[in-house]
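Each in structure tokens, the structures are laid out below.
One chain, chain A, links the two complexes that follow: it is found with chain B in the first and with chain C in the second.
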Partner chain A sequence: MSGDSTVPALECRDVVKQFRRGRGFKKKVIRAVDGATLTLYPGELFGLLGPNGAGKTTLVRCIATLLIPDAGTIRVLGHDVFKDALFCRQQIGLLTSGERTLYWKLSARDNLKFFAALYGLTGKERDKRIEYLLGLLGLQEVANERLERYSSGMKQKVSLARAMLHDPKLLLLDEPTLGLDPQFGRFIRGFIKEELNKKQGKTILLTTHYMDEADELCARIAFINQGRIVDIKSPEEYKRDIPHKEILKVRCLGQFDGELLKGVSGIERVSAEFNDGVTTLNIVAERAEMVLSEVIEAVRARTRILGVDVQEPTLEDVFIYMTGTSLGADTKEEHETQYQD
Partner chain B sequence: MRRSIRIELLAILAECRKTIRIWFSYPIMIVFWAIFPLLWVMPYVFQGRALVGGATSESFRQLTGSGNYLAFVLIGAMISTFVFSALWGVGNSLREETYWGTMEYIIASPTHPLVILIGKTLAEWAWSSVMVLFQAVIIALFFGVQFTLAKVLPVLLIVVLLLVGFSGFAIAFAGFTLLIKEVHGWVHTLEWIFFLFSPIRYPVQVNPVTAVISTLIPLTWALVAIRSIILLNKAEVNLYQTVLILLVMDVVLLVTGYFLFVYLEKKTRRDGTVGMH
Partner chain C sequence: MARLECINMQLVKRTTDRLCHYWAAVWAENIKEWKLELTYKADFARSLIDPVVYLLPYLLYGIALVGGRESESLRNLVGTADIITFITLGYVFIGFLNMALWAMGFSLRKEQFYGTLESVFAAPVPRWVFTMGMALHSILHQLLMIGVQIVFIILIFSIKINPIGLLPTLLIIALMLVALYGIGMFMASFTLIFKQGGLVSEALASILMILTPIAYPLAVLPVFMQKLALFVPTTYGILGTRHFLMGERIGFTLREAFVRLGMLSLLWVAFGLTVFWIIDRWTRRSGTLGHY
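And now, the complex of A and B:
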């Protein structure tokens, strides 16, 4: 069954995961995943994009059998992950964010040897596989050094090697570039796209809250917000389907919000981001040039303009348009409901 | 889909090797464990001398059959070190895995966490065996206790049966560790329950309550038999009865431990607390 290319690599149907938090009257139910449905086809690089606390990691943990969902079904290569956990675990390679997921007191080689044993790899087959992966990720020279001496990026490379040890068909990569410096982030992104997806044909579920990463890597993206899958499309389709074509970005001194542009006609939506004493106004309009002069006039009346730019909508703009939430937001507490026993 | 016994054994071996490598990555621990057997014996010696005014006691002989209080206590301490190390080791090691962030990767692998626990228990036993061997040498050299092959073989059989039963207990305990996350308080409580209700430091027949409750604890049966063999030279003393009782207790503890662990591991996956510490 697993060899059949028409069988989806991953199928999630109406997955619900709730957490009970607090005690007594303060007891609450947090609906972390709320009826998530998605299908990944063999060889696909699929993105799950959403802000922190949107439910991405919870869904990945359900797929990896680390969490038991309250409702719904999850199938890997046609097998139910809970009824046939052993088969599914053998098909899944997992990488979670954070550098503390390995034994720092052991070398990269010893870490990989240990995890290889958990996946039933032994002897020459194991050693060959480990050497291949160490070479592929450029870790051969430091393979016998303890991980505590590695940088975050190098540890993430070892994590990636561990996820691939047993040559899994499905890779679950949860925020693989989180906290990495740009150089390692670029390497990891390139490795995922070129080596894992294109060359090795792995099916990959990538979760991220970096829209550039999802845009660059993924053939299809699911927007997830407050535990719900909002939509699934290709990055191009998302951008094409947004009814606005241009985003006018105005950077100005001081802290302001959309109220600043009240009264300017032709504007469909304004969002403001404040950082280091500078506000960036993201103005969505059908055509930027039609509102440009009025916007400049309104802003200049209150403060100094530092820069003006007209951009095509990014995935972030699409996400904000569709959900009203920025990808940088933390929505952890937003989908809580009072618990009634 | 099933995995072969060979693959499970290799996973146990890998866990054992990993645990020992991590221990040895802290050199100061080796120094500590090297002097531990000597440090361990001193308080018992001084306490014993203060209480009975020498190495032997007549009233103690009336209770236990042997007047050698020190040897009595040291054998109790030696065997209890062995079994408690399994509790400490297994409980702590799962907590360490959650600290290291590796617990989720173990649970997400096709290897059952019980296989990992067996590996951890074996590593603990290997280490404890070295310690107990040192302790036995000290007891033999300084307290006149003779360890002949005729004594050691039945004692080893009893110790193995005792450890099997305690590993059932430790497995259940590991499940609780996954759930409650804290181990120190619980292990200490359990230790003191065992100290109170089994003849580790004193003969439990000094009062009827401890005498009755102690019969439910495998450590009691094992210690009584081991002391009879070593101190009283009674090789035939209740050995068959003790072995039978320990076997029954082993089965009960292992089965209960297994089902409790499976239930608690599933509960933590339902609650979403596998990786928490």
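And now, the complex of A and C:
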């Protein structure tokens, strides 16, 4: 946490958002956000980490006043987002996931001019701000070209510029690197951390399902799963608090059933991922070296070992440990309940 | 006392700043719509030619039935015999009706297709400001189309109008546009809720086109339809325009026309904004705002 203001930049208390889907007897209630409570302090870079369908985007859309929650309160700089929506929208810079949030038939400059007017910027002040942002994001040379000719990464840069147009105090960045190539992803991450957070001191709520991104950028992270905030801690605290210390990763040829290792003493849990003809076994143990020889023997008896590595637990491991769900999973069907009319 | 004055000054400044902000947003929306429209040049050209093409059959049909430009029957009904000017002045109002029934709803639909509706609705301006920008663009587009129509008709048939009547004509049209904005908000709500609001627009357009005396005098409608027509803002727009520009008898005083239209404007705007507000809240509760 940074900043010493007593008024939180963002405060969500017991926020519930549910959607009704289907008709008649097949009607279901999907509890997309289930009692979410979190507080962001001024200048904080806060991560909301969870798999697809966990409720991250729904919560962001509630904060941005695009959705009305069924219960709970949301305050931006002490103002209720529904009673004082216009004030709160002026304080929020929103970057939504997906490319199609800008006018592709217009240039970057025309897009920014349009949105600048919506945020109350006009004349020289607007032009100065747009030139500053175009320069900051390296878009000046292509600023007059239509967006349809831009790559995904460049479009995302324009989206970032739009979110920053009115110099908002709170930035909501919903999956900012989703679908970008590594080069642009690296640029956006660096920009968020160094420019927006460290240099400009913005309060940032970043949603992501990339644990590396959350680990690299965020001072505190909320794990969200099936609409519920599971815990809020710093990445270091998460890793420290996980009861097991090491993860043995074994890569072997062909499909290998992780269940076959369950009998090895000292192993707490095994998960196996099969991809492109290679199985990666993630073996959680108090100490990897204590189980290493037995594991290698058991695997070698059935297939060829391609590599062995001992790692500290990552945020993904912590997430799996706490929720039983992988960050790569799609959980949107899991928290549906039958709606009783 | 000085403190009260200071508070008043602050309030005035805040209100002025806010109105300037809203006007900038309305204008930006209008400019953005023009830029988007002009990226499809062939469609834009067609939008100017179509109204002329659709108007011609009305005029030729009228000439064929009457056997010339002057109609005695029309003179007996409304006090003027020139069917070309009569129909042309009435016909331009179809465009204004289309603006209310189609353009505003369709603009929201386009934003849904572009994927930009949520980005726009996340901005710190009320929804009515954004839809007013759409309406402004539609009105300007409409005026351009009317200009093309009138130039074309003048070149072929010539139109005889009373230039002194232009100012009151603009006044009554302005008042009518306020009422049409209310209808436009109502129709735009259908787009938010049903996505394809075309069916409702089409049904309402058909009814209003019959009730509005575009190519015929109000007097030829059955009595109950004449009464219903008095609830439609374009009726007053057309009757007023033809009265001021070519001396059509309208069956009520000008004061009555302005008062009734003023009341209709108030009612339609209040109704349209209320329905839009309710449906906007509904879409934000159901999470269907950005769906297409």
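Heads up, the rule we're going with is that the second predicted complex is superposed on the first by the 336 of 341 C-alpha atoms of A that agree within 3 Å, B and C clash if a C-alpha of one lies under 4 Å from a C-alpha of the other, contacts with A are read in each partner's own complex, and residues count from 1 in each chain.
Heads up, the rule we're going with is that contacts are C-beta pairs under 8 Å (C-beta built on N, C-alpha and C of every residue); 3 or more make two chains touch, one makes a residue touch a chain.
Model, not experiment: these values are computed from the prediction.
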item: Touched partner set for A:64, first chain B, second chain C, both or neither; value: both
item: Which superposed partner A:114 touches (first chain B, second chain C, both, neither); value: both
item: First (chain B), second (chain C), both or neither touched by A:84; value: first
item: Touched partner set for A:96, first chain B, second chain C, both or neither; value: both
item: Which superposed partner A:104 touches (first chain B, second chain C, both, neither); value: both
item: Footprint overlap on chain A, where chain B in one structure and chain C in the other make contact; value: 17, 19-20, 58, 61, 64-68, 86-87, 89-90, 92, 94, 96, 98, 100-106, 110, 113-120, 122, 146, 162
item: Partner chain A, residues of chain C touching it in the complex; value: 20-21, 24-25, 27-29, 31-32, 35-36, 39, 114-116, 118-126, 130, 281, 284-287, 289-290
item: Residue numbers on chain A that touch chain C, as the complex places them; value: 17, 19-20, 32, 58, 61, 64-68, 70, 86-87, 89-90, 92, 94, 96, 98-106, 110, 113-120, 122, 146, 162
item: Complex contacts: residues of chain B adjacent to chain A; value: 1-3, 7, 10-11, 13-15, 17-18, 21-22, 25-26, 100-102, 104-111, 266, 269-272, 274-275
item: Parts of chain A lying in touch with chain B, wherever the complex brings them together; value: 17, 19-20, 58, 61, 64-68, 84, 86-87, 89-90, 92, 94, 96, 98, 100-106, 110, 113-120, 122, 146, 162
